[in-house]
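Dropping a structure here in structure tokens format, bear with me for questions.
Note that the chains take the letters A, B, C and D in the order they are written out, and that residue 1 is the start of every chain.
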Amino acid sequence: MLTVCDLSVSYGRFQALRSVSLQAAPGSILGLIGPNGSGKSTFLNVIAGVQAVASGEVRLDGTLVPLGLPERVAAHGIGRSFQTPRLAHRLTVFQNIMIGARPQAGERLRSLFLQPATVRRREADIQDEARSVLRRLDLSHKANDYAGMLSGGQQKLLSLGMLLMGHPRVLLLDEPAAGVNPVLIERQINLLKELRAEGRIILLVEHNMEMVCGVCDRVVVLDSGAVIAEGDPDAIRRDERVMRSYLGEPA
Amino acid sequence: MIDFAVFSITIIAVWSVLAISLHLQFGLTGLVNFGQVLPFAVGAYGTAFAAAHGLPAWAGAGIGVTLAPLLGLLVILPASRLAQDYWALVTLGAGEIFRLTMLNVPVIAGGDEGTSVYRFQNADLAMVLALTLLLVTLLFARRVGASPLGRMLRVLREDEVLAATLGRNPFRLQRMVTAASWVMAAAAGVLYAHVTGYISPSSFTVLETFVIWTAVVLGGPSTITGVLLGTVIVQLTSVSTRFVAQWSGLPSDLVANLRLGAYGLVLILVFLYRPQGLIPERKLRYDADRL
Amino acid sequence: MRKSLLAACAVVLLSAGWGETGQAAEDAIPVGVIANLTGTDVQSSLDMVHGAQAAADKINASGGIKGDKIKVIVEDSEYRPAAGIEAATKLFDVNKVSAVLVFGGSSVTLPIAEMAQPAGKIVLNTSASSAKLGDYPGTLYSTLPLDDIVGAQLGDYVAKEGVHTAVFIVPNNTFGTGLMDKAAAAFTAHGGKVLKEIAYSEGQPDYRADLQAVQRLKPDAIIGAGYGDDTRTVFRAARELGINAPWYVAYPSIFAVEDPKWMEGRLMGLDNGGLDSPLAKTLSLQATKQYGAAPRPNYYYAYDAMTLLGLAIEKEGTTAADIKKGLPEAVKGYQGATGSIDWDARGQRINPPMDYFVFRNGALQPAPAP
Amino acid sequence: MLQILINTLIYSGEIGIIAVGVALSYSVLRFANFAHIQFAVVGAYLAFTLNQFLHCPLVLAVILAAVLTGGIAVTVDALVFSRLRDVTPEGKMIVSWGVALLLRSTMGAIFGSSSRVFGLEPASLQIGDAFFTSLDVVVVVVAILAMILLHFLLYSTRLGTALRALASNADLAATRGIPARRMVSLMWFICGAYAAIGGSLFALESQLAPNMDLIILLPVFASVTLGGLSNVFGAALGALGLSLAQNLLIGVDFGSWFSANSWSVPTQFRDFIAVGAMVIILLLRPYLARRRRAV
């Protein structure tokens, strides 16, 4: 269970988040929607530790998740993808997938020089896993292309694949469907459903209502940094305040 | 000719170690160290300090090789939170502070006048030692570069935040690289001191740093072959301008100026037309279809 | 593409390298000259090269040494120890010289001596003056007196002029501080009091900040050393600050006077003597004609060094061991451009002729010895 | 004390004019431009050539040198930096070193490595027990005028507004129809011209040598860092602060506070103060920045 309690963030006088609280259970997908600038990305950033926070707490299964320390957050099994995918552009797709694996014995100088056999074994395991993840994403044919050469949609799939290598309990996904062609969106939806079935918690920030309604179990609506509505997708579709804040967007 | 060739090879080997050290920092990890001459100078001055105070040579080497990574950590500790161009200024400044200290505090190692240190009487021995050091650093850098660690360092070079969200501590990795590569540079400094037999502040100016940078950028910062090739080209150009000056009959000061200008031109042209250097990073291929 | 590039580099470098060794002529005696053709103080350095060349030309014009001509090979030291050592290695090894003439501060000359000693080669020092240079007997010979000699003379001179309190102003380098230490020791030995020692960084746009303390201390005199355009800036700062104490300096001829009217009678100093010899006058005229300006003293030191080297080679032979044997012989009774040269056992100049000068009517005029 | 203030003004005038250009180009292009220092040297050489060989009056020579150096800066941008859009800031910084090396050696090749002097003989002036020269007055006045002119350019003209818009947000400025290309060229021109004036003043006060960049480099970058890197007038204030710190530390007799003996910081530590200040400010920067954000 992921519990977020009273999360607030402010830059000077501007309040980016106003005491946001929410819960997400294992094996569920929580949608997070709201107009541009409503604080969705900030919310994900805070949970992922990328952004320093003013107040509030995040717990995963009762354990406090440290804020402002991305590497420690990741160790708790929380992984985040970004709206503009963060990738190592000058590494290949295969290498990008591999760096998602954790821990890697070969990243410590001592094991690198003193336990070469361990390093080699772990590396072989990682490669095997990377192959299966690539197959799952249907990206095997791009394995030896530079990540920077992929299309936007493929880059989003790739960053999802990097996350999977770390076996996260919680996935924070920032607009995985934006600018992606329908075929790849379909593939992502299937993937998300599989991940839900595996018992993971998924927080999905998305503008594409088709995707949100298609996969989310529950949806939270943010506006100006505050939660204005929460419920199942159908209820949210009918909510008047949501309609107003989305103004013009077909509900 | 043989002695001069031996001397030149020794010097090229020393500079190659410096270039490999910069390869680890910049080529792999993306750390812009504009004070690369600092660990080099610290190594040399450890030796000079020992010589000036009657300590044995191994003590001097010990001082240099321990002090350099400590200084490196000191510089990078807060600086790791800085953008790379700030860090460049910090390292540039740190290098100058060290040089000015050595210049103005003669108690340490003779001030402007410098200090004589033990000089290898056997030039061949010096060359063998330099090549051995080069081989050791080369094997180390190769092992690191081709390992999962090297892969993660490259991620750091591309995007520190990505490395952090993947559960790595970028600062820990940067500290590790700094410590390791500054030890290398310091070792090169120790060796250099014993090769030249004389240490004074004028050998460790900002210009030295840029000779190393030119070599690394020219050859290709991300590959070991690249930085070695770059170093060989730059050092041979430097040596051969002596011959060119005599041969062409041009005044030596003009030739020396042209040489410096050529370094500048190389930096510009490489960035304009071949940003990856003469030898770009090789793509590592994996078989994705195997079951 | 890559391969062809590499090949091209290799061809250019190798042809440059080997082409040179091929043409080392058999019937010429190669002599190395290491000077800083780039870096600081290039002008004096070039004067030195010209002086060495003038002496070699003279020897060659009179038929060379036993029929062999002297071939002068100039290498750049960039005023950096590393480049100096590289230059020396190249001269000793590729050009097979037995002796090199060196211009440059002691930070360049010392490392060269350090490597020439085990190699059994000879270094002739024409400009550095650190007392440390005396530590290489049999390797390093100087045609100018070292700081221990000149500094002591300067200290004596100032004390004998009736000065009781003084401030030192010198550039912050081996030359400046070395001279200061020796002069201060001699000065205090005569009962003088040093109020402050100022070592300024070279190349600054302004030395007022450096000189302010002098204004307060009101010394009887300023004792100084320095050279080039920095001294002009220092003088200007002193003039602007209203510091009217007289200046006693080593080598006044290498100072750049800023305002001759203000300087009138205010600048005094001692210089290595002998430059009023007929030989020096002839050389000065010749150099002025050739290069458009009267040369600095390094010209004469280099001239003497090259001539002595020629004499030594003529007496004993061309190897370094021959030259080592020949030099002490050659110097006996030699009347050079810088007067008679006496060497102590280390090969360093003692009892050098000293000239005293005072600045009057816009130029340095001879002054009586104290 | 008055003397210390006067010395501070003069030195900060020389350094400040050069430093504002570094800050200006940092604010627009986001990289530390080492080539800028070399523009100062080139400008000084041009002024020297015009004045000594072509017998231009000094004032005209400096103005012409400023214009020419501005032109050189624009050319450098067109040939090099404008074609490096996609290169990282640190890459551009390395290239700027390349440009600096090239310019320096060109100066060395043309004018020789030895130093030159203008050989002015300015009159001595005195206020109380403080001394200075007519040239010093000119330096300070020119520096102040240059700052006022720059302020006017940046804050009271449409060009300046456009330039500042470009500095604060390049993408936004582009959408507003600001011709970025021309603005950047203009910026290079201003930088080159200011560097040339600063370099000429520096050379007039002392001497001219191809490697004088190394003497200017550290105090200039220290000033710019003190001023916050991308803050143009911060850089000028930084020069003032740095110069004051240097002159105070050197000029004040600390010894007399504690004993009868006079003792002050030896003057050779002047550069030390500049570099030390730069490194300390840079090292503290993340903490300062964090505090600012938290408030």
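Here, a residue touches a chain if its C-beta (ideal position, glycine included) is under 8 Å from a C-beta of that chain, and two chains touch if they have at least 3 such contacts.
In UniProt terms the chains read A = ABC transporter ATP-binding protein; B, D = Branched-chain amino acid ABC transporter permease; C = ABC transporter substrate-binding protein.
A quick note: this is a predicted structure, and the numbers were derived from the prediction, not measured.
Engineer: Comparing centres built from CA atoms, which chain ends up most distant from subunit B?
Structural biologist: Looking at centroid distances, A is the chain farthest away.
Engineer: Just to be sure I understand: the centre of a chain is the mean of its C-alpha atoms, right? Then which chain's centre is nearest the mean of all of them?
Structural biologist: Here the chain at the core of the arrangement is B.
Engineer: Would you mind pulling out the distance in Å between where the CA atoms of subunit A average out and where those of subunit C do?
Structural biologist: Using C-alpha averages as centres, the distance is 72 Å.
Engineer: State, to the nearest whole Å, the distance from the C-alpha centre of subunit A to the C-alpha centre of subunit D.
Structural biologist: Computed value for the inter-centroid distance: 47 Å.
Engineer: Report the inter-centroid distance (CA atoms only) between subunit B and subunit C in whole Å.
Structural biologist: For subunit B versus subunit C, the centre distance works out to 34 Å.
Engineer: Find every residue in subunit A that makes contact with two or more other chains and list them.
Structural biologist: None at all.
Engineer: Of all the residues in subunit C, which ones touch at least 2 other chains?
Structural biologist: Expected reply: 37-38, 42, 172.
Engineer: Find every residue in subunit B that makes contact with two or more other chains and list them.
Structural biologist: Those would be 103-104, 253, 257.
Engineer: Inside the complex, what are the residues of subunit D that reach subunit C?
Structural biologist: 3-4, 7, 10-11, 14, 108, 112-115, 117, 121, 124, 126, 129, 131-133, 202, 205-207, 209, 211-212, 215, 246-247, 250-251, 253, 262, 264, 266-268, 270-271
Engineer: Please output the residues of subunit A touching subunit B within their complex, sorted ascending.
Structural biologist: On the subunit A side, the touching residues are 48-50, 70-71, 73-75, 79-80, 86-92, 94-95, 98-100, 102, 104-109, 112-113, 119, 123, 126-127, 130-131, 134, 140-141, 143-144, 146, 162, 166.
Engineer: Can you name the residues of subunit B that touch subunit C in the complex?
Structural biologist: Checking each residue of subunit B against subunit C gives 1-4, 7-8, 11, 103-104, 106, 111-114, 116, 119, 121, 196-200, 202-203, 229, 233, 236-237, 239-240, 242-247, 251-253, 256-257, 278-279.
Engineer: Mind listing the subunit B positions that touch subunit A in their complex?
Structural biologist: 143-144, 147-149, 151-152, 154-155, 158-159, 161-162, 164-170, 173, 176, 180, 281, 283-286, 288-291
Engineer: What residues on subunit D touch subunit B, complex-wise?
Structural biologist: Those in contact with subunit B are residues 31-32, 80, 83-84, 87-91, 93-95, 97-106, 108-109, 112-113, 210, 214, 217-218, 221-222, 225, 229, 266, 268-269, 271-272, 275-276, 278-279, 282-287.
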